[in-house]
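Consider the two complexes below, in which subunit A is the common component and subunit B and subunit C are the respective partners.
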Partner chain A sequence: MNKGKYYPLFVAIGIFLVLFIFGKFAQGMWEPVALIMFYVAVGEAFNVFLGFTGYVNFGYVVFMGLGSYGMALVVSSSSMAGLGPWILIPGFLFAAIMAGILAAGVGAIALRLRGAYFAIATIGVNQGVKFFIEGAKIWGGSEGIIISKPLKVALGPHLANAVTTFWADFLVFMIAILAAVITIVFLHTRLGYGLIALREDEDAARVMGVNTTKYKNIAFLVSSILAALVGATAWCLKTTYVFPDDVFALSYTVDAIVIVMMGGTGTLLGPVVGGLIYGILKYWLGILLPGFQLLILAPFIIIIIILFPEGIVGVLKKRVRGKKLEKFIA
Partner chain B sequence: MSLLELKGVTKRFGGLVAVDHVDLVINEGERLGIVGTNGSGKTTLYNLISGVYTCDEGSILLEGLDITNMPAYKRAHLGLARSFQIPRPFGQITVRENVAIGALFGTLIGEIGEDEALEIGEYYLEKVGLYPKRNEIANALTPIEKKLMEVARALSMKPRLVLLDEAMAGMNPKDIDRIVEIINKIHEEEKISIVSMVEHIMRAVVNFAERVVVMNQGKKIADAPTQEALNDQKVIDVYLGRFALEEQNA
Partner chain C sequence: MEFLRMFSGDLINGIILGAVYGLMTMGLSLIFGVLKVVNVGHGAFIMVGAFIAYWMFTLFGLPPLLSAILALIVGIALGFFFYYVVMKWLLEAPELSTLLATFAIGIFLAEVAKAVWGPDYRGYSWNVGSLNLGVTTIPMAKVYALLSSIVIAVALYLWFKKTRAGNALRGVVEDKEGARVCGINVEGYYALSFAIGIGLTVMSGVFITLFVPVGINPYMGEVYTIKAFVIAVLGGLASPWGAFFGGFIFGLVENGSYAILGLIPGVEPFSLTQCLAFAILLVLLLLKPEGLLGKK
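Take a look at the complex of A and B:
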């Protein structure tokens, strides 16, 4: 067994550690670091599906949204208030289950479609779920769910405050690590090889023995559940509210696509690098040139994608082929 | 016992009958050649056997097991492997990984580990003469190398039956002789059945096949030991006339 396979994972975790320390100890840097990590985690979760199957899940944000609803529903249910901080465990579980059920259903139907049809179908799912929540007036309808009070009841005011200012972001770090571990495992196991084969040529993969339908569904499910975990903490716990207009905004899917393409699809470090750059730009352009971010961001992204058609890490990987650095980049 | 048996297999595309009530038996360990003019239904026949398409009529039996409606990936696990007429490499990964995927998925889960699969990949690349290119990205190979990689990929699946779709088209006589030699050697060592479509390439037909099936407009018009099939008057009429011309021109 070749341990060198896992070096890129340590590179990713090293980057997270540096970010964490910087955010924790540099004055006023925690919020920007948390935003960057949010984009990294979103990109990683998205990459598990896009990077390994080549399918674009435009409705990806629906799983982040459902995840934040899952957490909100658990935290605001009075029957669970006695759990104290442990309430977060059923919260995450419920987020994962809700996203998992939707992903299994959508996957079973939409993953029979190829390419563009799949992308369009997933947009439909996102809009459908949003309009259903608003129209049927479930889970607070268009008013959403506000959990600041129940969170204080469950955790006490002090801890509730610590959750929104620190632990919610800390958990994003944990999810980013989880996603990186899943990615490296995918890259080196039968499952990942099967996925890469179907990404490269679905028909050839099938006649070579890959149960493409099963593999696509697994990747879709894993990616969706990771998205739900990010939504549950980065949105629900951090902001203490869930509004359908916010958590089903398609612009988050676009963020994820840009991050993954810029960093390098199907690579472990791609979404990390992509999320880092995207987060930094978005944050500081928002401060320096409020209202004009997109004017700078859009051309910048276009230039990067032209310079690095396979993403920054994709191109880097080619450059280091056969060199000592090779085993650190994946 | 026959390894594969086709009974009245038919495939239509709209009004066109691409494969028309074909009966065919392939025996264990056999080297069968399939020839036929362009559009005579050879590739479609492969697509039906490997499960890319399903038959409109007829049935396919693998060692007596009805696989007519079995999904392609399950057929692969039972020992069917093929190459494609137009190579279909997994372009963005290495040549070695391409072949390793064959080894991993030609067998059932758990039979072969990832590291072992990579070793098997190298073994077959060595056999087809692509070992020096093992770490290149598959897209960087020349068309002929891609075809050779497909042969290695099919063989790495531990197949009972390998279907080669014009693996030698576009090659010069020296390459053809080399590939025929490689295929014959592998056939001997691995005791698998190999069906190869060889289209116009007479020297490959004669050097490779024990038996030849001739297709014309979706129908099987001859099925006999190589020399006999090539001397059949029907075959000469529809097909060999062209051979003679091309051999002259070459």
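Take a look at the complex of A and C:
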């Protein structure tokens, strides 16, 4: 244990700070910066589970979607309660609880089993929840929930406007920092060591006394709740509506996979670097070749998996081993 | 009485659809059984088959029974292509890699289909008369789908059990190293099973088109991926024959529940039956992850 173990966290926060200042003061750059930070946060949350356990959660987007619904339900049901901006706290709390309950349920069943079975279970969870909302016609069914009016009632028109244009994105920055802190804590505690051990060899980890099922469940829960917080702010608060077709779109799971694989799984800076590059790439691709992003990204995933499974930060970490820079990269 | 008549009609349809579901899942189970790879992009190959049927029918008027043969050939070619370009490099990699790679293949196929055919739903109808069973009438097209599925499953079974290649393949499944020592080209059989698995899947997509009332589109595969997973787990995941019988069970449950869920007022039974697949999957994984027919 050395004091330098938190240095990579400062690197990450430094990158966020530079982005924030650039977005705030460069003309017209706030939206692209907000998009980049959204991808960084999405990647970090996904990495907490995939990076530390080696299990893929193909239903990742469902937790972002549920978080979005959680916020929308709180804002639309208690806009008259006179809470003012404090309404966001029960909103985030409810978002986290909804995602937490689903994650605990799915995890309790599927995480007792090995990777393949877990992947099979998660590939259905997104469709399952979406079809349930549409089929049982709860929470507005396929029409979704629009919160622009209740948000104005709760916060006043001026503040509501500020939330959608600035504070929603600002909160994404905060969640990204929270996710980075959690990642570094994972990297340097018993829990993280146990998870990395089970990622490398689950049987061996179990023999060594690691409670693999419990550890996997904790990582899954944390990752899902972080995803819900991102969904609650970046979707619900920013756009002021929640449509099932938008918030359960498979493409966000693809985004998360590309970001984490490209940046480097199980590293702190991986999702930050991955999200940064991916955000810029996607912004450009969206302008140059609208509608073809996924067509290009899919082969890209395969190339990364076959040729650079360690990702950018993984390769970088090897390069700086034994040099001065080593303690800044993790 | 009216309900009972409808319900039994749904069950008969369930059995017929179940045979196609079984065929649809055999490829998934074969690939998992031999390569220990879960093909997360499974549904996309079904979509490819569906578009082959649609295209052949609308362009050349080729009936689905004939385009099924074409689909099998295209599927086998696709299988060899993706095996040598992607899967071959990942056999020794962690499970994560193959899961992500097959996922990416699925997305890629769906996006190619979108670029070629556009995102809208399309459909065709192959009208060859119908069979009156009293409680319900069944289009002959579906009867042909049922018969073809059974014939294909039996043919695969015979190939697996009676031929030299089938025996060798069983050897590979049983003990990879042992098979290698006996002079069996293990990598060759990996490629062959992947190709046959994909071929069967693409072919099943042709028959699926006879059962979809809303038509087909590039993203239709996702739903079938989930259904195939449920069926594969029902049948024990690694057994193509288990999968075939799992298909019947799932077809019955799905169509039966459609009639029952329709009795609840204020819900949309179609969406809820889609959600049911996932619910069944969770219950199965909780109670009997080795499959209904599987051994502990």
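The working rule: the second predicted complex is superposed on the first by the 305 of 330 C-alpha atoms of A that agree within 3 Å, B and C clash if a C-alpha of one lies under 4 Å from a C-alpha of the other, contacts with A are read in each partner's own complex, and residues count from 1 in each chain.
Throughout what follows, a residue touches a chain if its C-beta (ideal position, glycine included) is under 8 Å from a C-beta of that chain, and two chains touch if they have at least 3 such contacts.
What you see is a predicted model, and the numbers here were worked out from it, not measured in a lab.
By the touch criterion defined above, A:V210 reaches subunit B but does not reach subunit C.
When the two structures are aligned on the shared chain, A:G124 is found in touch with subunit C, with no touch to subunit B. In the superposition on chain A, A:I196 contacts subunit B only, with no contact to subunit C.
Contacts of A:M261 after superposition: subunit C is touched, whereas subunit B is not reached. Shared-chain residue A:L325: touches no atom of subunit B or subunit C. In the superposed model, A:H188 makes contact with subunit B only, not with subunit C.
In the superposed three-chain model, the partner touching more residues of subunit A is C, compared with the other of subunit B and subunit C.
Across the complex, subunit A meets subunit B through its residues 1-2, 188-190, 193-194, 196-197, 200-201, 203-212, 266, 321-322.
Subunit A meets subunit C in the complex at residues 50, 54-56, 58, 106, 109-110, 113, 115-117, 119-121, 123-125, 127-129, 131-132, 134-137, 141, 250, 254, 257, 261, 292, 294-295, 297-299, 301-302, 305-306, 309.
Those residues of subunit C that touch subunit A in the complex are listed here as 32, 38, 40, 86, 89-90, 93-97, 99-101, 103-105, 107-108, 110-112, 114-115, 222-223, 225-226, 229-230, 232-233, 237, 266-272, 274-275, 277-279, 281-282, 285-286, 289. On subunit B, the positions that touch subunit A within their shared complex are 50-52, 71-73, 75-77, 80-82, 84, 88-93, 97, 100-102, 104-107, 109, 114-115, 117, 135, 153, 157.
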